[in-house]
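Working notes, structure below.
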Amino acid sequence: MTDTVAWRGWLLDPAPASRRQARLGRWYRAWMAFRRNGLAMTGLGVVLARVFMALVAPLVADPGTANLQVLEDRLQPWSAAHWFGTDELGRDILVRLLFGARITLTIVALVSLIVVPVGLGIGLPAGYFGGWIDAVLMRITDIFLSFPRLVLALAFAAALGPGIENAVIAISLTTWPPYARLARAETLTRRRAEFIEAAELQGASHLRIILTQIVPLCLPSVIIRLTLDMAGIILTAAGLGFLGLGAQPPAAEWGAMVSSGRQVLLDQWWVSTIPGVAIFVTSLGFNLLGDGLRDVADSRSA
Amino acid sequence: MISLDNVSVSYGSGARQINAVRDVSLSVSEGEAFGLVGESGSGKSTVLRAIAGLIPHARGRVVLNGQEMQKHRTKAERKTVQMVFQDPYGSLHPNQTVDQTLSMPVAIHGLGNPDRRVAAALREVGLGREHRYRYPHQLSGGQRQRVAIARALILEPRILLLDEPTSALDVSVQAEILTLLARLRRDHRLTALMVSHDLAVIAHLCERIAVMAHGAVIETTTADALASGKVTHAYTRQLLRSNRGFDRSGAEIVDVVS
Amino acid sequence: MSEAPLLKVRNLRVTYPGDEGDFVAVRGISFALGRERLGIVGESGSGKSTTGRAIMGLVGEPGRVEADEMRLGETDLLRLDERGFRGLRGKRVAMILQDPKYSLDPVMTVGHQIAETHRCHFQSNAKVARAAALEMLAAVHIRDPERVYALYPHQVSGGMGQRVMIAMMLIAGPDLLIADEPTSALDVTVQHQVLAIMDDLVRRRGMGLILISHNLHLVSAFCDRVLVMYAGRVVETCAASRLAEARHPYTRGLLASLPELGRRRTELPQLQRDPAWAMEAS
């Protein structure tokens, strides 16, 4: 007990003695503010639960079980053997749900890793340098913005063939433009700040200013936007899966699961509905998390 | 040390052009403290920024320490002149600790021994080890301004520009900062150019003072002359009068047009 | 003061609960105000602005306002809820803030904003409200009221913006005006003009005025009485004309540390803060 109190005291120390202490103290204060928001904590809980599911999947069940077809047991409602019932090919839905979490989170993670650097890489220089650089980069952004996500994804699937990697590429290509705009807007706001002028005065190169001064300011809003967008990304991935363009059967992707249960929707409703609920809850979780993060960020910048 | 020759700065073009600074020429000798006083819109801060090299499109000649400054300054030229900004809240990066803010100029110019230099800079401005790893929002206005001064001096410049360094601070803190600036100027034999709208503050620190209005220098005088009221231009006289304080009986209300 | 005071405050406390403990912005201050001008002087953190806001009922959640007594005329301010305060604001007590850039609505013309205030309090129709607004604009010595009526806030200078604020705040005829740093964002020459207008109107209408500022000299020149606040407490009360004879070391220290044009001193005396000041009884 005294250990936690000591830790807390160290983190909240008004006179930190090292960079690490100062930085950790800052994160801790932000966490304290975040913790107060019940909905945000719920969102965080949901997201963590999904990550847990994804990690735990291979431990709970043999990967083969996800695709184990036991045709005699098809379309069973929940029972002791199959907690969420079975689908039209006799596969256990719960196990497929767990493995589906892996696929969903993989897609989300890959898209994030592509979208954030690309968005920052285009939006930041546009806002910082202005002039023709801004015009050119923003017109490129506008071109990509004009593509509806699903249509572009379909085009890619047609061109490259279906599969998760291509789904990720397609989703990323249509998701990055708003981040570029966001990064540009943040940069424009801060561009004339006095601390930027001070950095120029000291002889800092443009690259140094962008990387050390501006990126840390843009990153919070970009990350918050990303968590709020997760819902959309998940739904798009599910949509692609539903259309047969994302993960291919027999992979247990939530969207594909919803699709394959369509025929039996009226009688064995759980086959489509349960993965649908999973999609909904996960999206909502990310949304709440993003809202909570934004509240914390707003209060700190106020 | 500082020599301005017909410096002009304008923004925009055509009918909507704003001439912030019009053909300003002045010179400051080494070790001198020169003041620029004027109301808002007089162009005084713009002149300062032009000297600092923050306005590449400024016209005219700026000669610092014998070297004529080009549009884009080299790192070595940057080392010569540093500035303390007006807003202690805006001139420090909100996500960087004091240590990071002070270490950056050292790293940019490759001065070596960053740890020792940062500690020495903090000591000089009267801050202690307990302030070193704080973020700006954990410091008071006066403390932030001290950090800004430390940052300006850590590169050992010859010229220190001061843009209303105390106008955003409390009265008692203002006195501390002004005293600190006077001492540092003496100790480092700096040439200082200070901008303010407050005549008393300028006269406290500077010997020679130029009065600006509408982008041009109206009159150049000395602190002593101001104190005794021996000024020539009517605008300067008006400034002096306003500086004396509000006079309930004598206030004459003027209709305002814009 | 032979008549009942316009505003009576006794033992006002404003507390803001926070993560790391409660912050008490105002700690038990008391004063009474008649139809006179009271200046409240202090540095940042002294609680002077919070006092003004507490009187107007503008201390937002989670701040708490407590007092033994807080009365505007006959109205008990402690018992008012938000609706009660809304009926009060503008009609009986008005507040002028520092920067008209931020306190005027940027998407409405200034004249319209003044007229709207009139309509709000008197339920007048558009024509009457407009006429009243134009009259107020003339009362604050704006030369061409018709033209200025149609301007937007970004098109007026700071000094004119403050005149517009004054017009807007006084149109409903309040008894008390609270001015929180009304001239700090203005140039010196303009400051005096705005103060002169406030002086003129307050005198003619027999209003009470509370001027909150960090500028000692300004307050002492403009007001009848001065309260000096430090760390949420009142450390000195005196007649404005006698400020130079102030007794509290904080006030004396503040006066001494101001640079003066006539006196060239090599070092400005530094204010040594005594922690005992924060704990004295007001």
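Letters A, B and C mark the chains as written, and numbering starts fresh at 1 in each.
Criterion: a residue touches a chain if its C-beta (ideal position, glycine included) is under 8 Å from a C-beta of that chain, and two chains touch if they have at least 3 such contacts.
These numbers come from a predicted model, not from an experiment.
Participant: Find the chain most remote from chain B, comparing centres computed as mean CA coordinates.
Facilitator: Max centre-to-centre separation from chain B belongs to A.
Participant: Per the contact rule at the top, check every chain pair and give me the one with the most C-beta pairs in contact.
Facilitator: B-C
Participant: Calculate how many whole Å lie between the centre of chain A and the centre of chain B, each centre taken as the average of the chain's C-alpha atoms.
Facilitator: 47
Participant: Between chain B and chain C, what's the gap in Å when you average each chain's C-alpha atoms?
Facilitator: Here the centre of chain C sits 31 Å away from the centre of chain B.
Participant: For chain B, which residues are shared contacts with two or more other chains?
Facilitator: none
Participant: Considering only the defined contacts, which chain B positions touch chain A in the complex?
Facilitator: Checking each residue of chain B against chain A gives 49, 52-54, 73-75, 78-79, 82-83, 85-87, 90-97, 99-100, 104-105, 108-109, 129-131, 133-135, 138, 148, 151, 155.
Participant: For the complex, give me every residue of chain B touching chain C.
Facilitator: 39-40, 141, 170-176, 178-179, 182, 197, 199-201, 203-204, 223-224, 226-227, 238-240, 242-243, 245-248, 251-258
Participant: Can you check the complex and tell me which residues of chain C touch chain B?
Facilitator: Residue positions touching the partner: 43-44, 141-144, 156-160, 163, 187-189, 191-193, 195-197, 199-200, 214, 216-218, 221-222, 253-254, 257-262, 264-271, 273.
Participant: Under the stated contact criterion, what part of chain A meets chain B in this complex?
Facilitator: Listed in rising order, the residues of chain A that touch chain B are 14-19, 21-23, 26, 193-195, 197-204, 208, 212-213, 216-217, 301.
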